[in-house]
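Single-structure report; data block below.
Labels run A, B and C following the written order; every chain starts at residue 1.
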């Protein structure tokens, strides 16, 4: 397959698909040995600035309309169910701290979670049960779903806005970190690398028992 | 609206629409006076020869994948397969006790194995014949495949969770005797003979019938 | 949330606005009223004391970690007073926070030299921890803004409206994980263990007397810290007392013996293993182990 044919094929597959496709799912449909990664990158560049662009969502690829054209899409728009402030805050806490227990969520917000909040997030398929914490009482932990990443157009969990900075500033710990210091703004702590995705996953695994979903 | 913006807008509209759109339907969603016809023609030219082309069907416009790539769109769907309870339980015993004979599986399960169960696990490439036990009757033994490890994201058989992890997961309560042991399947047992190549192909089913006593 | 930043100055106004809102509750308001938090939410627009504190802290316009906690406490107490003056039923959370802040403030104002030595953490530590919580809550609010301003599917960006063929890759994936595998395994092994169980026989309990006698007999050998699990006898026959009974009775007996001064017990933390050994009164005490009875 020439690079041009490959690019065309991938373009067709992604255009026709009803959901994001991973590189391996694409490769599966194509002759063996096809350089899918390279072709995807080329395709992405080709669509940059067009009315439709190729995005990475949840480590998968998907054509989506350009965000600046949202105003045109009146007929396609589904009025998204509005989440209450409490629900949004809870969702953010879960997204940035996962896996996180209910008690930890409550401790961040300083108020009890009303019964409906987690239900609503569950119902909207934004959060899921992740596992159980290995601590007394073995509380269940929550995390976000794949759908959450799709809904908020996130390439992966590592791309949560501001997460790297928050982590560097110790703000993603549940309790005050032992070495927590009032940061000195003159020496920016931005020299720290964000956690790699696999690192995030490793720590989660150690912390959480087996994921069940 | 510049011609570029117009083209982008139409591209997005056609992409997101749930069916073909007529020129007037498109114009209706755009600022008045937009030269929709011209932009559609330009867009059509732009996509010519690509993996996706802009087609006119019954005076309506629609993006379709290029006809020569139709072969990529052939659809077969297969849900992630659910294992029956019996199959999962049998698989678990084979995983932990391998190499294990059919009679041994039945003795742990306390019920006879229906013929279908092992067939299903074979078919799904989760188990394989391992060898023959050096005991009277020389029964064949079963073990898990590499694919099994892949499915359960296990680096090796030694990574199957042992009794300590089961206890930590709350699966074992205090009434389970302290000497409850979970065999370590990564300890190669030498009490069996390898299967001959032709046996691996042939005996599978015959053996299944015989062993049931 | 920016509308509430001016509290408490605009508090009365806010309350008034809220009350007016009540007259014609939109569906959204009705939903809030239905929820458990309706009272708090509709009372003042804050969800809890921490949210109020955050709004107040922002007025100080410094890094939250450098905030003046005494000033913050002052403002919060004023806020609470004001709310009470307007006769709003305040949730207990708010009052608890108020009294805690009042206490913290008084300790912070006390010169270090005059503080009595207590087991409590230093007030500066508590203040830092409060500042950290505020900073964290603020970070999460920013995260909400950052998240909700991302292009959202079906609101700002749209995927293919008319997919041609459902491209779903044939999957040989199975719907089970290691946990399922473990549970399936244990279920069967347990069934196997219980297969010999005879429900017609009475389940015996391991008597306290027996446990005491047994422990006394073992006592001379218990020179080293030994786990309760090891001290409690194993069930001898299928029909006899169950393991759980052996453990429970041995635990009771060990408490009695400790009380009588024959045994020492220690447990490092809740749910940790319980260790016991013979009382070491005459042996040298510098062996490093704690001698808590």
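For this structure, a couple of remarks:
Simple rule for what comes next: contacts are C-beta pairs under 8 Å (C-beta built on N, C-alpha and C of every residue); 3 or more make two chains touch, one makes a residue touch a chain.
Please read these numbers as outputs of a predicted model, since none were measured by experiment.
Using the mean of the Cα atoms as each chain's centre, the chain most removed from chain A is C. A summary of chain positions shows that the Cα centroid lying nearest the centre of all protein Cα atoms is that of chain A.
Chain C has its Cα centroid 39 Å from the Cα centroid of chain B. If each chain is reduced to the centroid of its CA atoms, chain A and chain C end up 26 Å from each other. Distance from the chain A centre to the chain B centre is 23 Å, each centre being the mean of its Cα atoms.
Residue positions of chain C touching 2 or more other chains: 158-161, 164-167, 177-180, 182. Each of the following residues of chain B touches two or more other chains: 12, 15-18, 65, 73, 161, 169. On chain B, the positions that touch chain A within their shared complex are 7-13, 15-18, 29-30, 50-52, 63, 65-66, 69, 72-73, 161, 168-170. Per the touch definition, chain C reaches chain B in the complex via residues 158-162, 164-168, 170-193, 195, 229, 234-235, 242-244, 247. On chain B, the positions that touch chain C within their shared complex are 12, 15-19, 62, 64-65, 73-83, 85, 88-89, 91-93, 95-96, 108-110, 124-126, 151-154, 160-161, 165-166, 169, 171-180, 182. Contacts from chain C toward chain A in the complex involve residues 1, 28, 31-32, 35-37, 40-41, 47-51, 63, 65-66, 93, 128-129, 132-133, 135-137, 139-144, 146-148, 150-161, 163-167, 169, 177-180, 182, 270-271.
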